[in-house]
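Take a look at the structures listed below.
Look for chain A in each of the two complexes below; its partner is chain B in the first and chain C in the second.
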Partner chain A sequence: MKKLITAAVGLSFLVGVASADVASDQKAFINHFKTILPKVEFAEFSNGVYAVDEGSREQFEEILDGIPPYEGAVEKGGKEYLKFGLNKCASLADPAAARIKHPYFDEASQQVVTLESAIKKCYAKQTGKKLGSKKGKIARISAWISDQAVGKKINVIVKSAGAKAAYAKGKATFYAKRGQFNMSCADCHVYNAGKKARADILSPALGHTTHVPMYRAKWAGLGTLHRRYGGCYKNMRAKPLKAQTEAYRNLEFFHQAMSNGLEITDARYRK
Partner chain B sequence: MKKILIIALSVFALSVQADSFKSAIKAAETGYKANLAVNMAWRDTGKMIKQAKKLYAAGKTDAAMALAHKAHTQTVNATKQTALAKNAGPLF
Partner chain C sequence: MKKTISSISAVAVLAALFVMPLEAGAKEMTGEEITFGRKLGNCLACHMIPGGNLPGTIGPPLLAMKARFPDKAVLRAQIWDATVKNPNTIMPPFGKHQALTEKQIDKITDYIYTK
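What follows is the complex of A and B.
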């Protein structure tokens, strides 16, 4: 009996630590941004760099006030969602709920499931064909699904031991220095967020995942979060990983969890 | 006799160069493979290895050797990063 009580107390302590990790990580994360960008309100971080720089903000608002360059692509994504029968898959049948649910840790496969990985799986089931992971159809469909959840808050849940391990791996990837420039994701988007790197202002990591897939002027099109990860890796002179690989899915799990509580937005234009 | 000696020395020198290139490129390839396995490879290492092989095939041995060594150095540095990455975390 004594052993049972000790085990139960030990287990509850472990579970407590596990759930506290994400909350305390995010608290420290948000506090850091409050310190370096004191004028930016928490909700504003969903606007990324446009929450930081007034000049860019004006341009951003002008683009949003007109017809955003991605509007047609997102509409097309909605048509494709129906055309390819993605509404027939349970995981995507309710698009708004699908956006909120993903990424999540699937206990059966012991893997993080992202929205794009769910779309790929469903697309393959419905059409018998493979779907890419970075741009084009998947970005359009994912953007349309995300649009259905505008105003809802990101809520990544990290509860089980497996989920916690995936989260920890994602966190390590985020903070690890890599590539010839010996840089981490955090070097630009946490410690130096709001500062300039050449002509560009570095965006804060807090809120990064509220507007994905994003439209980048540089790409002249929509792209998924994993496409952006690949670009960041290249900039650090590290070899990019394939989109939707386990390491990137774990990274997304951590990255999205840090934006818990922020509203999903359809303002997906970025420079 | 003199000619034979020169030819023999040249052949010997060429075989030494070939051996040292082979070992340099093998070291680079081994390191790169290990870096890839842990998702910590550098962007240009693979290209350097390919380019070094091309240069060597074109008879540009010195340039090939230099590039093979450079690629190997990249893999050594990537391995050092891998060790540090295990304890990576926020600085605040």
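What follows is the complex of A and C.
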């Protein structure tokens, strides 16, 4: 019987859905990546696959040394931030602070508020119009806001009972098998990080949110974190959820918390 | 008149759309095509298989299958539902979740068995 119990505990390694303690979860997370990717320094995890793969690292650095393909879009996002009066909402008035503050758990609504959900809300208030959630204007504005916080560290705070419940739900989503392929986010970005799926190296989930919204050559443009979630749901042959739905916001809450202490970067380029 | 023409061509396009998959179905796919095809087995996503390009490194190389699976049914069962052996595996349960048909799984099994 004891053996059975230890086996069960072994399986729930990192999964420990019942617990909702960021510090201990993150410690286990970091230790795991130290074990499977011993050469990668903590700060380097913000570079995704390029922290792992020397082959494509050079190309990445060349792109960053030149004029990255998203530079114009991010500049435009800055103009749009002012044009639509987003500086007039308290939530976004100080853009660097806004990037650091989000995602956070709002006690009044008992919901996780992401940076993009705050941008959408403010945009609607200022213009009376709806803003998308995945690409175009929202990605440009969000990227510009995040650029103002470059060098600051991700610091997701999970304290109240409500916050812990949202975090635990996000964590469960991250580790749950789903879709026709019966895969979890962790299958690719934790257990098999650094390995190749065909020609794609799987990036470690540690550091996944330091450069969002990311630019992807495949998209030929910027996309939000939730746009990427949709793509990865398709990788699992699961039906993507709508960007900014509660389940994705909770997932982001957990996902960003796992990168606590890593610096926000404007190195947004990915393949 | 213009309208009729465009609707006629729409019908033609629709007909072509229906005919094409029929024709594609008529030509039987080989075991190799089903095993390597990105929208089918896509086994190369995770496994090195002799003769396949750009293999992933997530799963073990598929080599010497006859020696490792003296009972072919065990090999087929692994492809049909890899979670029986390892509930946490990343390998998709191709048969159980109907990602592939029974016939396709037979063909993949036969093909892999020659490796």
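Just so we're on the same page, the second predicted complex is superposed on the first by the 251 of 271 C-alpha atoms of A that agree within 3 Å, B and C clash if a C-alpha of one lies under 4 Å from a C-alpha of the other, contacts with A are read in each partner's own complex, and residues count from 1 in each chain.
The rule we apply is simple: a residue touches a chain if its C-beta (ideal position, glycine included) is under 8 Å from a C-beta of that chain, and two chains touch if they have at least 3 such contacts.
No experiment lies behind these values; they were computed from the predicted model shown.
*Asks:* Per the contact definition in the header, classify A:79: touching chain B only (first), chain C only (second), both, or neither.
*Replies:* In the superposed model, A:79 contacts neither chain B nor chain C.
*Asks:* Let me test your reading of the model: by the given contact rule, A:190 touches which partner, first (chain B), second (chain C), both or neither?
*Replies:* first
*Asks:* Between chain B and chain C, which makes contact with more of the residues in chain A?
*Replies:* So, of the two partners, B touches more residues of chain A.
*Asks:* Tell me the contact category for A:176 with respect to chain B and chain C: first, second, both or neither.
*Replies:* The first partner, chain B, only.
*Asks:* I'd like to know which partner A:237 touches here: chain B for first, chain C for second, both or neither.
*Replies:* The answer is both, since A:237 touches chain B and chain C.
*Asks:* Does chain B (first) or chain C (second) touch A:247, or do both, or does neither?
*Replies:* In the superposition, A:247 touches chain B alone.
*Asks:* Considering only the touch criterion stated at the top, classify A:125 as touching first (chain B), second (chain C), both, or neither.
*Replies:* After superposing on A, A:125 lies clear of both chain B and chain C.
*Asks:* Please work out whether A:27 is in contact with chain B alone, chain C alone, both, or neither, and reply first, second, both or neither.
*Replies:* neither
*Asks:* Answer with first, second, both or neither: which of chain B and chain C does A:199 touch in the superposed model?
*Replies:* A:199 sits against chain C, while chain B stays out of touch.
*Asks:* On chain A, what residues does chain B touch that chain C touches as well?
*Replies:* Looking at chain A, the two contact sets intersect at 180, 182, 191, 237.
*Asks:* For the complex, which residues does chain B have touching chain A?
*Replies:* It comes out as residues 36, 39-46, 74, 77-78, 81, 84-86, 88-92.
*Asks:* Can you list the chain A residues touching chain B in their complex?
*Replies:* Listed in rising order, the residues are 25, 28-29, 31-32, 171-173, 175-180, 182, 184, 186, 190-191, 233-234, 236-241, 245, 247.
*Asks:* Spell out the part of chain C that touches chain A in their complex, as residue ranges.
*Replies:* Touching chain A: residues 42, 44-46, 54-58, 83, 87-88, 90, 92-93, 97-99 of chain C.
*Asks:* Please name which positions on chain A make contact with chain C in the complex.
*Replies:* The touching residues are 11, 180-183, 187-188, 191-192, 195-200, 202, 237.
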